[in-house]
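Structures given as structure tokens follow.
Below are two complexes that have subunit A in common, paired first with subunit B and then with subunit C.
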Partner chain A sequence: MSQFVPGSGFLARTASDLHAAARKTFYADEFAHTPGFLQSLDPRSKIVGLGAMVLAASSTRHPEALAAMLVFGLLLAIASRIPLKVLAARAWAGIFLLTFVLAGPAMFTTPGNPIIQLPFGIQITDHGLKTAALLILRVETAATFPALLILSTPWMHVLKALRVLRVPVALVVILALTCRYIVLLLQTAQDMFEARESRRIGILSTKQQRQMATSSVGVLFTKTLVLSEEVYLAMRARGYNGDVFLLQTFRMRPRDWAVAIAMPAGAFLPLLLK
Partner chain B sequence: MGLFEVRQLSFRYGARNALENIDLNITAGERVVLLGSNGSGKSTLLRLLDGLYLPSSGSIHFDGVELTEARLADPQLLIAFRRRVGLLFQDPDVQLFNATVFDEIAFGPLQLGWTREQVIAAVEEALNLFNIAELRDRAPYLLSGGEKKRVALASVLVVKPDVLLLDEPTAALDPKSQGQLIAFLQALPASTTVITATHELSRIEDFAQTGCILQQGRIVKHGSVSSILDDPALLRTADLL
Partner chain C sequence: MHIPDGYLSPSTCAALYVGAAPFWYVAAKRTNRLLHSRLMPRISLFAAFSFVLMMFNIPLPGGTTGHATGIGIATVVLGPWASMLSISVALAIQAIIFGDGGITAIGANCFNIAILGSLATWGVYKLLTVSAAAGSPRRVFAAGLAGYVGLNVAALATAIEFGIQPSLFRDANGAPLYAPYPLHIAIPAMMIGHLTIAGLAEFFVASGLTAFIQRTDPTLLGNATTTEPQQTSTRRLWMVLGILLMLTPLGILAAGTAWGEWGASDFADPEARKQIAAASLNAPLPVHPPQGLAKLSSIWTAPVPDYAPVFLKSESFGYMMSGIFGVGLVIFASQIVAWIVRRART
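The block that comes next holds the complex of A and B.
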């Protein structure tokens, strides 16, 4: 049975991870203020262009087209000085795991020529492998573009651009609150874990620490629900009604128009390929 | 005629009565303190006065106009109301949600449709007034408790409201910051109405002339601050001593 060591146990690690996550979430704007290609574009043209890439990635059945889009996404990241490891951590890693869990069974269940024989008569087929790989590639590619948008654009600019593009107020309010909710959730969770740590006496087994963490989840949910309601009231108290107003005025320049037109056109070209 | 006229106001959270049969008249320029122990209904009353909650029964009139759901849904009326009434929340963390202090203070004026020049001038003035100019590019999330409170107050006062609703404004402030806040409140124009909810008795005479004691959602005493402070038996009953 593993024993708790101050600063390195499950609870301490969880508190530390929550702290890091809260900071990362709060500093998501960091790259939006560095000079780069995407950062120099009007948020509306980015939403149109990158949104078209997401739709195209979700629609195409051609792995070559998906691979080309992914490479294009990587080039955009490089041109925008967004480190690939940041993109990997924020967009690819979690989505890869989730998609792998969903797509994994397809490798064994899709009929086709067996290419790998496993014990107990289980086999991976060529069609199954292709299906799983295509799904993972599609999801990773589609996730790259929203990540680029968020990393290269201050969050309030994204919200304002969505309203300018006639996205309904209700959806923009939900997005605005979700962002703030995540930060509050992480802050509250961190406070709760640290409070538990400060009151812990004696040595807890890993199992006990996990049980403690699990029991905190319900309390955490209720607390953050109350807090998020408070945040919404505080926003309303200062005149917020779903529309977003900024000091900066959006201005479409020729290259913004070029991106808003060329990116969707280029994105849907693969759909026409046979 | 009062600026706020509250008649037979009751408010329920589900089945629980938070406020019952409140009658209150607050005139323009009055400095009022709402006293009560935790859970007595002070914060709820402030939110009702700010139009964030609507009464379960009874009515609230602001400047002769009843605050109803339909009126508060009217964008023009709502902007005019928000321009005149500002609420400082007890927990500054819920009030600070922008990326920088500058954006935080600019949020209210932008929502009210001020021009870019007006917003910048007002924010600069607020930054200097509250001595937080050096924090302008900092993330509110990373500030100390006292700094957060000052930023939250600046973000409310930047629009120069006629009415200031303060929910436990001195909570979590060190004595020096408390003194600064009270000095600031005393320096507000005489026309500014200030309604403060607190359970701290020590300095209420510094910033209010009249007070109400709330106990279990009811007003049990309404009178001058000195008459309230001279009634220790009542203060003890209301769990304030």
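The block that comes next holds the complex of A and C.
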């Protein structure tokens, strides 16, 4: 049975995960307020332009087109003063590991002409290599553009700009409320785990750790219910009666229109390549 | 289990958005009818709760830890429709803001986790808690098992979507364009982790939280916030049955042979022999069918062998017709049994 070791058990690990998520949440807007190319655009034009890039990256069958899109994404990041290190951590690192684990064996198992012979009769086939390279390139490229959108735009603006895709107002408000309370609940959960850790004496068995985890989930759940009612009453106090309205403060300028038209047009050109 | 962009073809993603849309529509209507102005804060807070819950490390037997998704407890407390909305919102936020799951795959992730997961969880939970009081220990086990099943149904749906990609989307040279593994690899690869670690985490969270609610506020288990409608007709049942019948040809997509369902004639067919060997870890196959198998298999000849009526050329249509015929027979037989039971009672 595994034992709880101070600083390395599930309490510390969960508190650390919560802390990392809270940090990511708090500092997500950091680059959205620095001057740069993407930051200067209307969020709606970014959603249309960068969304088209994601769709094109998912659709194209040409590795060359995907590589060109990836380079374009890097240029956009540089023009928007978003450090490539931040982009790599946010969009590429985690997903690369997952995709490599998935795509790696396909190099050996996909039938095709052998191009590299390895010991024990293992061989890499041409189709296998292409399949793995295409999948990794596609996934990394497609992940780059949503990351650029989020890094260059305040969250609430992204959610509000979803209206351009005809997302219902009610859903936009629900998404915005969720984002806001994720921050609060992350903080609450982190405080809770730290409070438990600071009162822990001795070693906990796996069963005790599990009981503690589920009881913490229970407390957080009860707090969520109470908070839900409080938020509702606060909304009622401000005149809310079930109907929602959204203030529209965005303004499309010529350069926004240019991006909203040119980026999708450029993105879908590769699809026409034979 | 969160599918990133690029693993599924755009047409698969579009199909799953279309598949999810009616569920979202019905869920929004039903939930709004019950909660009305409380809908927004309630759904938002539960979505935020599900999001934070996914960060918790749950200690599991054997010393490892796993993450739960919250499907189990959200469905048990909120009911299937509100759970669909909450989990969908959490998944959308994860994809849009945190890059966990793809933008084009939001429909697929919601369909698998929020919709199929919630429905499967609800089905198991309701089945196991018939006539159980709010404080009954049976609810604790039922919630855990329901969460376990819900999560695994979602994982299976994800594996199937991955597994059909290589047979549907290839380039001119035959190389897969998206997820590269067929069903017989994708399904075990996905299910092993979910049937063990992830499923257990969901089981412990759902059952532990149900036990906690029983001690603190058992009224929540009395479906205070669920939106289950009163069943007044069997129309919906017929609709579901109809959809399932339409989906019966899906089985044709599966690669290889159904293990252990071989006929005596398969042992003489070189192609069938290859498939049997491939499905049996290439164990040597007897040249002739085993004597017992050959003898017993000739006792009865099915009127519609392999679900393929002889007068139909289309295999898919044959599957569907066989399904309709089989369902009709089952309904007919159950009506006769019901009639006999009614007569015996009176």
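Note that the second predicted complex is superposed on the first by the 171 of 274 C-alpha atoms of A that agree within 3 Å, B and C clash if a C-alpha of one lies under 4 Å from a C-alpha of the other, contacts with A are read in each partner's own complex, and residues count from 1 in each chain.
Following the convention adopted for this analysis, contacts are C-beta pairs under 8 Å (C-beta built on N, C-alpha and C of every residue); 3 or more make two chains touch, one makes a residue touch a chain.
It should be emphasised that the depicted structure is a prediction, and the values quoted were computed from it without experimental measurement.
Of the two partner chains, subunit B and subunit C are each touched by A:155.
By the touch criterion stated above, A:29 is placed in contact with subunit B alone, subunit C being left untouched. Once the two complexes are laid over each other on the shared chain, residue contacts for A:91 go to subunit C alone; subunit B is not touched.
Of the two partner chains placed around the shared chain by superposition, subunit B is the only one that A:247 touches, whereas subunit C remains out of contact. Within the superposed three-chain model, A:52 lies out of touch with both subunit B and subunit C [touch as defined at top]. In the superposition on chain A, A:102 contacts subunit C only, with no contact to subunit B. Put simply, more of the residues of subunit A are touched by C, taking subunit B and subunit C as the two choices.
Once chain A of one complex is fitted onto chain A of the other, the partner contacts of A:70 are absent, as it touches neither subunit B nor subunit C.
Contacts of A:238 after superposition: subunit B is touched, whereas subunit C is not reached. Subunit A residues in contact with subunit B (one complex) as well as with subunit C (other complex) are 155, 184, 227, 231, 235-236, 240-241. Contacts from subunit C toward subunit A in the complex involve residues 4-7, 9-10, 13, 28, 36-49, 51-53, 55-63, 65, 73, 77, 89-90, 92-93, 95-99, 102-104, 171, 173-181, 185, 204-205, 208-209, 211-213, 216-217, 220. Within the complex formed with subunit C, the residues of subunit A that make contact are 1-2, 10, 13-14, 17-18, 21, 24, 28, 51, 54-55, 57-59, 61, 90-91, 95, 98-99, 102-103, 106, 109-112, 127-128, 130-132, 134-135, 138-139, 141-143, 146-147, 150, 155, 158-159, 170-171, 173-175, 177-179, 181-182, 184-186, 189, 206, 209-211, 213-218, 220-222, 224-225, 227-229, 231-232, 235-236, 240-242, 244. Residues 47, 50, 52, 75, 78-79, 82-83, 86-87, 89, 91, 93-95, 97-99, 103, 106-108, 110-113, 116, 119-120, 139, 141, 155-156 of subunit B are the ones that touch subunit A when the two sit in their complex.
Chain contact summary for the complex, subunit A toward subunit B: residues 22, 26-27, 29, 154-156, 180, 183-184, 187, 227, 230-231, 233-241, 243, 245-247, 249.
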